[in-house]
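In order of appearance the chains are A, B, C and D, and numbering begins at 1 in each one.
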Amino acid sequence: MNHEPEKQPKSQKLDGQEVAKHNNDSDCWVIIHGKAYDVTEFKEEHPGGKQIILKWAGKDATETYDPIHPPDTLDKFLEQSKHLGEVNMDTVQQDEAQEDPDELERQERIKRMPILEQCYNLMDFEAVARRVMKKTAWAYYSSGADDEITMRENHSAYHKIWFRPRVLVDVEKIDLSTTMLGSKVDIPFYVTATALGKLGNPEGEVILTRGARKHNVIQMIPTLASCSFDEIVDAKQGDQTQWLQLYVNKDRAITKRIVEHAEKRGCKGLFITVDAPQLGRREKDMRSKFSDVGSNVQDTGGDNVDRSQGAARAISSFIDPALSWKDIPWFLSITKMPILLKGVQRVEDVIRAIEAGVQGVVLSNHGGRQLDFARSGIEVLAEVMPVLRERGWENRIEIYVDGGVRRATDIIKALCLGATAVGIGRPFLYAMSAYGLPGVDRAMQLLKDEMEMNMRLIGCSKVEQLNPTLVDTRGLSLHSTTVPADTLGLGIYDPLVTPQEKARL
Amino acid sequence: MNHEPEKQPKSQKLDGQEVAKHNNDSDCWVIIHGKAYDVTEFKEEHPGGKQIILKWAGKDATETYDPIHPPDTLDKFLEQSKHLGEVNMDTVQQDEAQEDPDELERQERIKRMPILEQCYNLMDFEAVARRVMKKTAWAYYSSGADDEITMRENHSAYHKIWFRPRVLVDVEKIDLSTTMLGSKVDIPFYVTATALGKLGNPEGEVILTRGARKHNVIQMIPTLASCSFDEIVDAKQGDQTQWLQLYVNKDRAITKRIVEHAEKRGCKGLFITVDAPQLGRREKDMRSKFSDVGSNVQDTGGDNVDRSQGAARAISSFIDPALSWKDIPWFLSITKMPILLKGVQRVEDVIRAIEAGVQGVVLSNHGGRQLDFARSGIEVLAEVMPVLRERGWENRIEIYVDGGVRRATDIIKALCLGATAVGIGRPFLYAMSAYGLPGVDRAMQLLKDEMEMNMRLIGCSKVEQLNPTLVDTRGLSLHSTTVPADTLGLGIYDPLVTPQEKARL
Amino acid sequence: MNHEPEKQPKSQKLDGQEVAKHNNDSDCWVIIHGKAYDVTEFKEEHPGGKQIILKWAGKDATETYDPIHPPDTLDKFLEQSKHLGEVNMDTVQQDEAQEDPDELERQERIKRMPILEQCYNLMDFEAVARRVMKKTAWAYYSSGADDEITMRENHSAYHKIWFRPRVLVDVEKIDLSTTMLGSKVDIPFYVTATALGKLGNPEGEVILTRGARKHNVIQMIPTLASCSFDEIVDAKQGDQTQWLQLYVNKDRAITKRIVEHAEKRGCKGLFITVDAPQLGRREKDMRSKFSDVGSNVQDTGGDNVDRSQGAARAISSFIDPALSWKDIPWFLSITKMPILLKGVQRVEDVIRAIEAGVQGVVLSNHGGRQLDFARSGIEVLAEVMPVLRERGWENRIEIYVDGGVRRATDIIKALCLGATAVGIGRPFLYAMSAYGLPGVDRAMQLLKDEMEMNMRLIGCSKVEQLNPTLVDTRGLSLHSTTVPADTLGLGIYDPLVTPQEKARL
Amino acid sequence: MNHEPEKQPKSQKLDGQEVAKHNNDSDCWVIIHGKAYDVTEFKEEHPGGKQIILKWAGKDATETYDPIHPPDTLDKFLEQSKHLGEVNMDTVQQDEAQEDPDELERQERIKRMPILEQCYNLMDFEAVARRVMKKTAWAYYSSGADDEITMRENHSAYHKIWFRPRVLVDVEKIDLSTTMLGSKVDIPFYVTATALGKLGNPEGEVILTRGARKHNVIQMIPTLASCSFDEIVDAKQGDQTQWLQLYVNKDRAITKRIVEHAEKRGCKGLFITVDAPQLGRREKDMRSKFSDVGSNVQDTGGDNVDRSQGAARAISSFIDPALSWKDIPWFLSITKMPILLKGVQRVEDVIRAIEAGVQGVVLSNHGGRQLDFARSGIEVLAEVMPVLRERGWENRIEIYVDGGVRRATDIIKALCLGATAVGIGRPFLYAMSAYGLPGVDRAMQLLKDEMEMNMRLIGCSKVEQLNPTLVDTRGLSLHSTTVPADTLGLGIYDPLVTPQEKARL
């Protein structure tokens, strides 16, 4: 704890070669955004483990640092005495790009990217993003908990809901607009909160802000954004509506400061995440991390730290696992923003939420990233609404659903079942990662086009006409698997074929 | 808008080289069936977009033009002043067949086509057609809405219906004939309306007319045929029955003219399409269009027009999305033909149709080309009939079903459940595209052979004996998906195998 | 009709080269088992079509002829004047084995056949047989009706039945014996009737007779055996029990003769097939036939005969499709053998069978070879028994089930549900085709071994202890298919993987 | 029986070359752990067949012998006169490693094994073990009965159970500890009994003892361990709890001795296996055995012995198939250890067990290794508990479940449904086989990590809070298979694709 870095005169930038000497466990500097920092001590308590820091000891770590850390991280967490000042970047040796063959292949794939107009639906963006994103970024966005059963069920559940469309209804003019927590929007979806936007695009979440503006939909600002909260708010225009997603800090003073600041900056809704007392294990993400440092794994010797926890867990240690129903009155006391609970997963808790006086819930399983085998939001919605209607409570709160929405038909299904609107997360991240703002723009436009058509085809000209008689949900709550395959029997079956071509001459 | 083409003396044919000069955005001629047209202005409002026209600027566009446009299109939509007169085709330079490798491969596949006798069922024609049809034609015929879930469900639903056959019934003589809207037919199916027949075969829909004649079944004439309505009617022989499928025009005068003309020409039924206020997005079709013009995509620059909408949407802009139940009395007033609503999809609308006084409905989802996740016609039928029987209304209208019929057992299932007959579309298109009239003939004959046998095996000698006790539909209305696959678990399972061969010596 | 063959002196064998001259459509001889026959006229009415005869015109057709035709065919169907007498076989030119590459490969596969001891279950024999049988023989045995859904469902249905085994029961001694129509057998299965045994093994059905003898189980003799009925009866030993399967001839006198003869020869049961008024279309079989004559297909010119109907339909034209319940009293009057109806498929017909006074039924769909989407016998059994028990009729007849039995657990399931025994067909054919009698022997022994063990494990020491509480059939009657696959969604999912190996050095 | 081996002077070790002479059927010695044995007579009654012994005639058989035979086998089963004394191992010719190519490949795979830290869940160990274990060992561990349907259903059943998690519960501190038969443990699972541990690791079951100690969980000692019972007990430390799994010997005196010895050595529970009156047929194991001696198969001539029964059946001939409920009072009389029945599979038998006075049951199907189509333990649990609760009997016994547990969520599901704890077998064997004790350690730690997190996410801080309202089991008891695949229909479907990359330049 008493290692003293040599101080450089303030008036003079640090020399890269000098920095490069501090490249080991007992003397470790890194360069970030052109400034040097002494992290010799800090690295021991780095939430992401010290290995990842040592990898950059004496070097410029900006590119890796950026997406994971909001801009004010160093000021918050590293004492000022360790801020060593600016570095003359001309003197910093650039990594002799000992080119990663994976990265070279990725660059090749980027060159052959389909043009934006070839994307016809939200799945298309994911297909492109998978090919062009950095492996670790892809792993962070695309991973889910455990076996990723819930993550996949989220969309799959929509495939169990079928339509009972009406015909011969005048559907010349279609009005997709609706009102969410008092804000008028053009189409009943919102951009839900997702972390670490800069992993996919160097500009980060502000791109989503601009996309949401263009299509007049609401953006929910994530606590774990790569951009700072203020950057994202600054990016909004006019009366654009933003909400705040909140991970509650163990230190309630910090939480209070965040909430009050958000209200002051004009946020129109506070969504408290309740399904993440601990951020989930996402093995795909962990595995991706591992191979990222795979080359020097054998050198780590007796190191017992589990370096392979992925990005999410490192950045979430502040979240309070003791958050409980008892905290709700306090939240109601510190803000006038409508409060909603994000991550409710059973009817008993929806009722309790109403009794607790909040204005809404999001039926969500956190995109399948927390508890595997949690049911899809849409299934929970189908369980919740009949109970509320029986009590006459269906209008006492607004109910949102997120997870797995990929088609306008998914949105329509949720609204038929009683949701006010749906949240969409990953698809916009993928669109942003692959094509930037034009990608987000097109993704939203495709949803509008799909929804206008499908409203016509289901026989409704306004969203308030959507109702439960328009859907057939009999298969929704059945979690069937089939009996394990008859391996031998299937293996010996000689399958039917269609006519064969003549042999080539 | 005031660009004036140079006029050639009427007495003299245009020279190809002269036409070829008008090959750009501001001066654009095309040749169709030996005549030149100035489409400089028209191209801006071309429903299919101007790019596709520019591709043929100064050239002979006949081959691409033909299947999409009924013969009277130019007279209807291009003012006479733009009709430039005949071209001396000897002077037109033929496209230096810079042979498309896809097309060359297709020609190879055509050479190796199985002979007709190798087709043993309706699926076989589709298998052959997929290999020998032009890619864009295949895409237009084979595509469905969104994820093509409904399109596939249509046939799949029949696989949920099982038989409870009777034995020891005298089935020596089988009579498949029945009566549909007063017309006696040999077997209870009809050729339903499908658009753009010339995409599959240069002669178009008249081939289906001839096939229907040979097997004494009814043909439903499509509004969007490649042949003109009169060509198709002219192709019928003797007392052959035809029906008319109608897309209702925003201009009811046009619609009235079409209906009155059809009645005058002897059509015996008017099927008003009610499931298509807007023609569906079919992404396979859109994607196929895109790659068709892929080579010069980068030149299109700032062009914002979405060229990739596929054939269907371009030709359907006239359809009236405001069509509603209020229009039905008017239709009843303008014709004596029986009126049926094609595309009804829930029991409430069947009841309303009966109350509205029409003579029948077709339970249909438009071959899965409109609203994805619409239920199959056969499933809706199983929902509808018990309700009608409860009211004693089962004989007040004729109920037809289309979508997914591929086997005689499918027909039998529909009749057991209460349908008068079924409509079959794509399979005959595929038979026609692969083998022309002989293909259609064989396809129909195969259905007859299958049906005669299966009537015997189910224990019925006449179609009126078919009844609900002969089928087990318990699984029909269950839209199950299985839980997302246990990827890790399945991946590590070491499957059982059968005995291995000895190693080769 | 007045073509006169040159007669050879009776005392002198015909010369092969002389026979070879009669090799065309208007003059056509063939050699079978060393004798020549003039089939010039007969070929026009040959049930299998004349093409297959012309292929052998002037040549020795024995090998192809044998499996399809019972030994007395020529005497029955070809008038004596066309029997030309013996041929000096030394003078017959053997086909310059213009070796079929498929056949050469098959011979190779035969050399590498697994030894018999490598077969551990009935599926294994099928796996081997598929590799070593002639293609056409395999196609005949393995094919089913239409899409072969019922054929596969037959075994698949057993996979929907699960056990509720008892523990702590003394199962030291297991007794598998039972009584079927008064005959004591060692294990409750019988060899059911299957046609054309010589396709799989040159000795034909007598191999099954010997196998059945060794294991003291009953053989049901098929009407369409390759061996004659008497050959099969002659092959039995001691008090071995045989039953007769009967296709009823349009000419009841023939049927009567067959029944009386069977009774005289000691058959202990008459199983009248009631599910085959017409033998099914089996497309795999038809397709196999087609390619068999593929090489000269183009020469057939205007020939309109559909040559590709497969073996079954050719040999079955005598079957009476008018057979009905009215015929049952007559059958009861002509024999004292117990009469059973084979192919009953719904509870209503089981009740009618009891009322008609027969001694039993076989719940069967003909191995999935007749009506596709007929339900499995085991499913029908589960429907039938509760109805019979409600009426107290469960002991008025014996109920058998066939189709899809491959494991002793399948037998146990059927007995738990109320069957007296099960019929097994194809598995023994495959065992016989691959390994002859030792194969049949081992197949039966494996079933005994499996059954003894599984009786222990379910907690029953005698077959009469098997009862419905030992099985869970809740899933049995559900004919579910899943929603069509989410093609795009599944295609973009990045599946979880297990740890990867290090790269090779 | 009167063949007399030449005796060597006791004072002098046997010479390897001398031993090597006794290498045939009529004179057969083998070397095991440095001593020679005359097995000429014994081999005829060797439970595993004599072939496997003859393979090692005159040679050192230790490596093959060890995992299958507990250390005291030779003393127990081979009379002393056949123990020939020590061999001078320097004189024994080592097998000129005519290296098995499979083994060489396996050695290669071992070199490329992932490091332990790359295993993130229990499936990962299985994936690695499959690649690095000897083929026969893998086959023995991984195989199940018949079609392995039950074996796979065991885990698959957990995938039909979904969570209904609570939110906003204080889950800061998670306590996973519970009490099993009076012993306090850190987490509610135990290491269940599995046979032949040395097949996977030369040290055998004591590795599991050490792993269990480290994580304070209970180990159930198997009757068929590779280590002797005392070796396993000796390996425990402090107050570590062990239970005994018991196969009941036909000779009850032996059984009594075993039970009394176990009690004396401190075992805290006696688990009598009741689902294995005969050890199951496991075809994967049998098949693996076969090919193991495949090279000299053709030499075996008329040998009729079925050599291919796999390891399990050979070693289990002593198990008493007559064991029944009548034996329970006797067991209660000979020990004070709690007695539990392992392998109960239906509610009727649970009730009977309570009435018989035992302290618990394990709902188990023996890892799917006995009766195929036995239901999963977790499904039986869901059937059992409501019946017990109705009677108020739910606390009269402890109920355990084993089979298919791979995730902490599986453990939580079982506890929600009423189990005291779950048994886990194969996963620890695989971890041990791949990585030894560190593997077992990490596997257990992973379960703890998973469970702590998932307790938080389901909203419970202690295991006693787990209850049935937290799970949705509606799909659990449905044994659905889907209708056999629509082979032709699926084969001709042209699947949707996502945007294609541009061609490479």
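Rule of thumb we're sticking to: a contact is a pair of C-beta atoms (placed from the backbone, for glycine too) under 8 Å apart; a residue touches a chain by one contact, two chains touch by 3 or more.
A quick note: this is a predicted structure, and the numbers were derived from the prediction, not measured.
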| item | value |
| --- | --- |
| Label of the chain whose CA centroid is most distant from the centroid of subunit B | D |
| Equivalent of A-D within the choices B-D, A-C or A-B, defined by over half of its residue contact pairs recurring | A-B |
| Superposition rotation for subunit A onto subunit B, Cα-based, multiple of 5° | 90 |
| For subunit B paired with subunit C, centre-to-centre distance based on mean C-alpha positions, whole Å | 42 |
| Approximate Å spacing (C-alpha centroids) for the pair subunit A, subunit C | 60 |
| Sites on subunit B at which at least two other chains make contact | 118, 120-121, 123-124, 127, 147-149, 152, 156, 159-160, 283, 287, 475, 478-483, 486-489, 491-492, 496-500 |
| Touch list for subunit B against partner subunit D, complex | 121, 123-124, 126-127, 130, 138, 142, 147-148, 152, 155-156, 159-160, 283-284, 287, 291, 406, 475, 480, 483, 486, 488-489, 491-494, 496-497, 499-500 |
| Subunit D partner contacts - residues on subunit C that touch it in the complex | 115, 117-118, 120-121, 147-149, 152-153, 156, 159-172, 407, 409, 413, 449-450, 453-454, 456-458, 469, 472, 474-475, 478-482, 487-488, 491-492, 498-504 |
| Touching residues (chain side subunit A, partner subunit D) in the complex | 109, 111-114, 118-120, 123-124, 127-128, 131, 146-147, 149, 274-275, 277-278, 280-281, 283, 286-287, 290, 297, 306, 308, 320-325, 327-328, 341, 343-346, 348-349, 370-375, 477-484, 486-489, 495-498 |
